[in-house]
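You will see two complexes here that share subunit A, one where it goes with subunit B and one where it goes with subunit C.
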Partner chain A sequence: MLVYTAKRLVLALLVAFTISVLSFSLLFLAGDPAAAIAGETATDQEIERIRTMFGFDRPIWLQYLEWVSRAIQGDFGRSYYFGMPVTELILSRIPVTLTLAGSAMAFALVVGIPMGVIAALYPNSIIDRIALTIAVCGQALPSFWFALMLIVLFGFMIPILPPSGSDSWQHFILPTIVLGYYATPSLMRLTRTGMLEVLSADYIRTARAKGLFPRTVLFKHALRNAVIPVVSVAAVEFGFMLGGSIVIETVFALHGTGYLAWESIRRADFPTVQALILVFSLFYVVLTFVSDLLNAWLDPRIRVA
Partner chain B sequence: MIKSNRVGMLGASALALSLAAGAAMAGPQDNSLNIAWEREVPNISMFHNTDREGIIIAHHVWDSLIYRDPDTGEFEPLLAESWDLVDDVTIDVVIREGVLFHNGDPMTVEDVAFTFNYVANPESDMLSQQTVNWVDRAEIIDDRTVRIIAKEPTPLALLYMAGDIGIYPKDYYTEVGADGMGRAPVGTGPFKVTEVIPGTRIVFERFDDYYEGSPKGMPSIERIVQRTIPELNTQVVELASGRLDWMWRLPADQVDRLGAMPTIDVVNASTMRIGYLQFDAMGKSGDNPFTDRLVRQAVNHAIDRQSIVDNLVRGDSVVIHAACHPAQFGCIDDVTEYEYDPERARELLAEAGYPDGFETRFYGYRERPYAEAMIGYLNEVGITTDLRWGQYAATRDAIRGGDVPLAFMTWGSNSVPDIDNATPVFFGGLSDDLAMDEEVIAWLEAGGSTLDPDVRLENYTKALQKIADEAYWVPLFTYNTNYAMSSQLNWDPHPDEIPRFWLASWD
Partner chain C sequence: MAVTSTTIPTMDAIVGPSPGQRLRKRVFGHRGVMIGGIILLVMVLMALFAPLIAPHDPYTQSLANRLVPPVWHETGSWTHPLGTDQLGRDYLSRVIYGVRISLFIGISVAFVSAIIGSAMGLAAGYFGGRVDLVVTFLITCRLSMPVILVALAVVALIGSSLTVVVSVLGLLLWDRFAVVMRSATMQVRALDYVASARAAGCSNARIVFSEILPNVMNPLIVVATLEIANAVLLEAALSFLGLGVQPPLPSWGLMISEGKDYLLFDPWLITIPGLMLFVLLLAINLMGDGMRDVTAPENRN
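The block that comes next holds the complex of A and B.
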């Protein structure tokens, strides 16, 4: 187990490092930050002045090394646009993203797992079909379109929910549904498959033969075993939600890290984009790592492989 | 009463509608104004961002020495009581007495001199110094008078003083710096900032100690809440449901739909932005057909600009013929006009030695539908294009780097109503100049280095006429923008795209 953990950890760190190098070089290929900061009407001298002011005239590898050595100590530098420390900037935006991702995850679990269980109990029935349809729609709907439809419906036609902002818990209802719905299909289908497999297993037949309550069989014996893969998938989905709420945050004007990423990319605000990519990838790497360990702990066969 | 009226009018059939109407009352009821725009202003301190939204904030929070009446174009004293042009490079300003900053400190000559010396210092952390780098220094003459000295005669000095140099409180700014100023701004303007949640909202409250006699006047609106909503469709829903009172940059295709709602007015206004096709007339990108005047004239004849304006740009836009915005000082319209005439275009191309046309790279960065319409017109006369679509900065770099034979570009002149911010940028021999016409450069230079309006006009006229005769550009059209707002709001747009909410009021 220890060797396995160490192997996974090294792999996770390598992934994080590769991401940071790739993103750093890609950003420099994407555009000239000095020109972006200087604005539309800037002359050549103006751009040069800003280039020197921010140190963009130095070699790129030197800029990267400096960035890494400071980042390791938790100092991501100052945002070009906001003029404030990036760490402070991200910390001020993270609560919104965590709230959104947390509630969306809860929504996905609360909807996905029961739907999966019911679908598995009545396979190929009309209920199963409906659940499948909902799942397919969830995967097929572009999230920005779904978001706008909900905004028009509940913000304007039946104005019971605020369409944008992050001032109260009501503001989080629509974005939670959109972001959570996106993760529902995989959780639901995984639960369904797991339940179908488990329900036909010998020990369930035994449990039923012993005359246990159907409810006890279903929840205590079947679901517990069926949700093992769901737990690890949910961890990964949560990583996606933390990093992938860019569109949702933009549409609903939630000023979390996703929106910050979107606007920083548009403005070539390198220190902020760099730090965000690292933070997002670390979320993802850590959650994958945890789910790997969780799986290995739950299922000893994985450790050997 | 108004509320019940409105609900009655709509039939009172849906709870939804009464709720929407109720919400719409929020603005007029407490005399507040809810506005939104797309982009977050990073640091709202006026010298520390280059965003248009930042300019709007600056005009509300930091008064400058001089006010330029947006309707008449006349200069009036704002924080100054009077000013005197001592000579070509010296302006003596007597400051107004009894003006308070938002933190209660009185405004003095110290603050004025500090601000001018701060913006004049090339080492300062100010982001864009383009409209202030004419300032050499400021000196205190006595406790009412500051002398501002320019590096050279600057025709636009008063204009820049009116728009781009708000007076900062010396003591406060020295203490808190750019960062602190962005978080808790202090100025002398009609509105003070009471809350800044970066990216989410900025709250402005009417400054009750705003000085008497300001040409801006005491605002009617007591409180402005600005929210950043990046998605325009979300803004539209917020406006339609009454949570928002004002938005701008509404896309042309949404105008009719939103304008049809009884509670919403959509206003279209021309802006200072113009569109144009730029030719590489000097051959910076190597030998290309556009070094031939006949080819450039052919392209001028090939494009039906009126049709593009009528069908795509719409609104208040007009076709232009000179290389500047018609609302700018010095922008005369007495230049050669090229009518839409594809037959004539083909003749000119044949005369230039391209009877079967040619292929060219065509660059652009905004309003692709306009570019595609132009490509269609060019194809008509035999010019095929290889479209290179990119970001603004990248496209401009390509032009400056000499890679671009033909480009569809636009220019907003920093909203400055003077030709000095437009034509010289592209024909004054700087890095964006692809004509490098010695005569034109000399005329623009002469027009930009004197304060005498007659001499200026004479030189600009010569320059613009030659630019048109040589067809260095295809001047296309002016841009316009759509504002959408609650129909109870009294507010008028101005062509410089600076909404002035101190002039706004509720019915």
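The block that comes next holds the complex of A and C.
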């Protein structure tokens, strides 16, 4: 287990390093950051002044080293637009995004796992087909459009929920449904496949033959084993949800990191954008690292491979 | 002398249907593939013959006819079956021309990313060892970066246009191709005909292109189909956020974005392009999922 953990850790660190290089150099690959900050009407002299002011005239590797060594200490520089430290800015916005992603994940698990179990218990029944239809439709539903439809329906036609903002818990209901619905199909399908596989295993037949309650067999023997892959996929889905939060938070005007990302991109606020790309990616790296370890702990065969 | 007649079984009855016939039977017997295929065919025809079908020019503005409601409304008329938008442009024509953008972006992005991803997957699966390590590492890095955020940032920096959106998405969406092609290549590589090709002295390039590639085509086509849907969805989201295709192009995502200021009183402005997106994505996904069932029935659950 220790060797496996060490291997995974080295890999995670390497990935983190590569991403830090990528998210930093993205700005320079894509064009001239000084010109982008100065705007379209700026003269060459103004652009030159901005270049020296922000230090863009120095070699890229030097700028990277400076940026990354500060970033490790939690200093991402100052936001051009807000004029405050980027770290502070992100920290003030992150609770909203984590609340949203967390409740969306809970929603997806609460809907997806029972649906997957029922679909596996009665394969090809009406319930299975409905579950499959929901899954297929979920993949095809553009999240921002679904969000707008819910806003029209529950914000205005049947006004029971606030259409936008992030002041109270009611504001999180619609975004949670939209973001959660997106992750539900994959969790449901995984539960269904896992359950179908486990239910045909010998130890389930043995448990049934022993005369255990069907409930006990289902929950204690079958589901426990079937949800192992779901746990690791859920961790990865959580990472994707942070990315998806950009669209959802923009539609619902939830002031989280996703909304911050959109604002900063539109305002060419580079330090914030760089920091957000790195933070979002690191979230994913940490989540996959944890889920790898969790999997290895649950299933000892993985550790050897 | 009595002659007993015996029926001579035909060759067909002995051998049964050919693999091609059996595949065709599975394709035509699969409901998902058929429904998805028919919808997709209609969409492709709409895109190809847009100038002939569309009743008006999708770009002609008419300030006198702004926000005319669709025909099923009391005040609607057949002149503009789906009404007009905030600039008085015929909505039906814009919706029809919108298929072109979605399909163009979907197919070209899938094409670009298929080339990148397949090359990486084939190399990793065929050579294994260090090549595989590097490719797997690249896939992990790519998966860690949130597509939407990176795409938004890059598009904002370079300036948004159709070409930029296609190249950025194409450079980002290769991960699934690489993953699937890698494992498919690993499976095929272990088969006897690859070993015999190698024994016959074939070069690596020849083995990869004439022995392995044809035999990993099925999963490649399935992934390509599903990636088209993914690209269509992402383009719509980027355009909706104002950093994809630029006005006045009739991209469905952009139309939803332009219509969202009127969502209270003229909800059809966002309902119609959204429904079109939904139907198109549903059709592509049904095709993709169905083709996976048809080409690899053993993987069906």
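Quick note on the criterion: the second predicted complex is superposed on the first by the 281 of 305 C-alpha atoms of A that agree within 3 Å, B and C clash if a C-alpha of one lies under 4 Å from a C-alpha of the other, contacts with A are read in each partner's own complex, and residues count from 1 in each chain.
We take it that contacts are C-beta pairs under 8 Å (C-beta built on N, C-alpha and C of every residue); 3 or more make two chains touch, one makes a residue touch a chain.
Keep in mind the model is a prediction, meaning the values are calculated, not measured.
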| item | value |
| --- | --- |
| Touching partner for A:Leu212 - first (subunit B), second (subunit C), both, neither | neither |
| Which of subunit B and subunit C A:Ile228 touches, first, second, both or neither | neither |
| Which of subunit B and subunit C A:Leu196 touches, first, second, both or neither | second |
| Partner chain(s) touched by A:Ile173 [first = subunit B, second = subunit C, both, neither] | neither |
| Which of subunit B and subunit C A:Glu263 touches, first, second, both or neither | first |
| Touching partner for A:Ser143 - first (subunit B), second (subunit C), both, neither | second |
| Which of subunit B and subunit C A:Ser281 touches, first, second, both or neither | second |
| Partner chain in contact with A:Ala253 - subunit B first, subunit C second, else both or neither | first |
| Touching partner for A:Pro159 - first (subunit B), second (subunit C), both, neither | first |
| Overlapping contact positions on subunit A, where the subunit C interface meets the subunit B interface | 31, 36, 148, 151-152, 156, 250, 262 |
| Residue ranges of subunit C in contact with subunit A within the complex | 137, 140-141, 143-150, 152-154, 156-158, 229, 233, 236-237, 240-243, 253, 256, 260, 263-264, 267, 270-271, 274, 277-278, 281-282, 285-286, 289, 301 |
| Touching residues on subunit A, where the partner in the complex is subunit C | 11, 14-15, 18-19, 22-23, 26-27, 30-31, 33, 36, 136-137, 139-145, 148-149, 151-152, 156, 192-193, 196, 239-240, 242-244, 246-247, 250, 261-262, 265-266, 268, 273, 276-277, 280-281, 284-285, 288 |
| Residue ranges of subunit A touching subunit B (in the complex, touch as defined) | 31-32, 35-44, 46, 49-50, 53, 79, 81-84, 92-93, 148, 151-152, 155-160, 162-166, 250-253, 255, 259-260, 262-263 |
| Residue ranges of subunit B in contact with subunit A within the complex | 16, 19-20, 23, 39-40, 42-43, 48-51, 122, 125, 127-130, 178-179, 182, 198-200, 227-231, 233-234, 237-238, 240-241, 243, 391-394, 396-397, 400, 412, 414, 425, 430-431 |
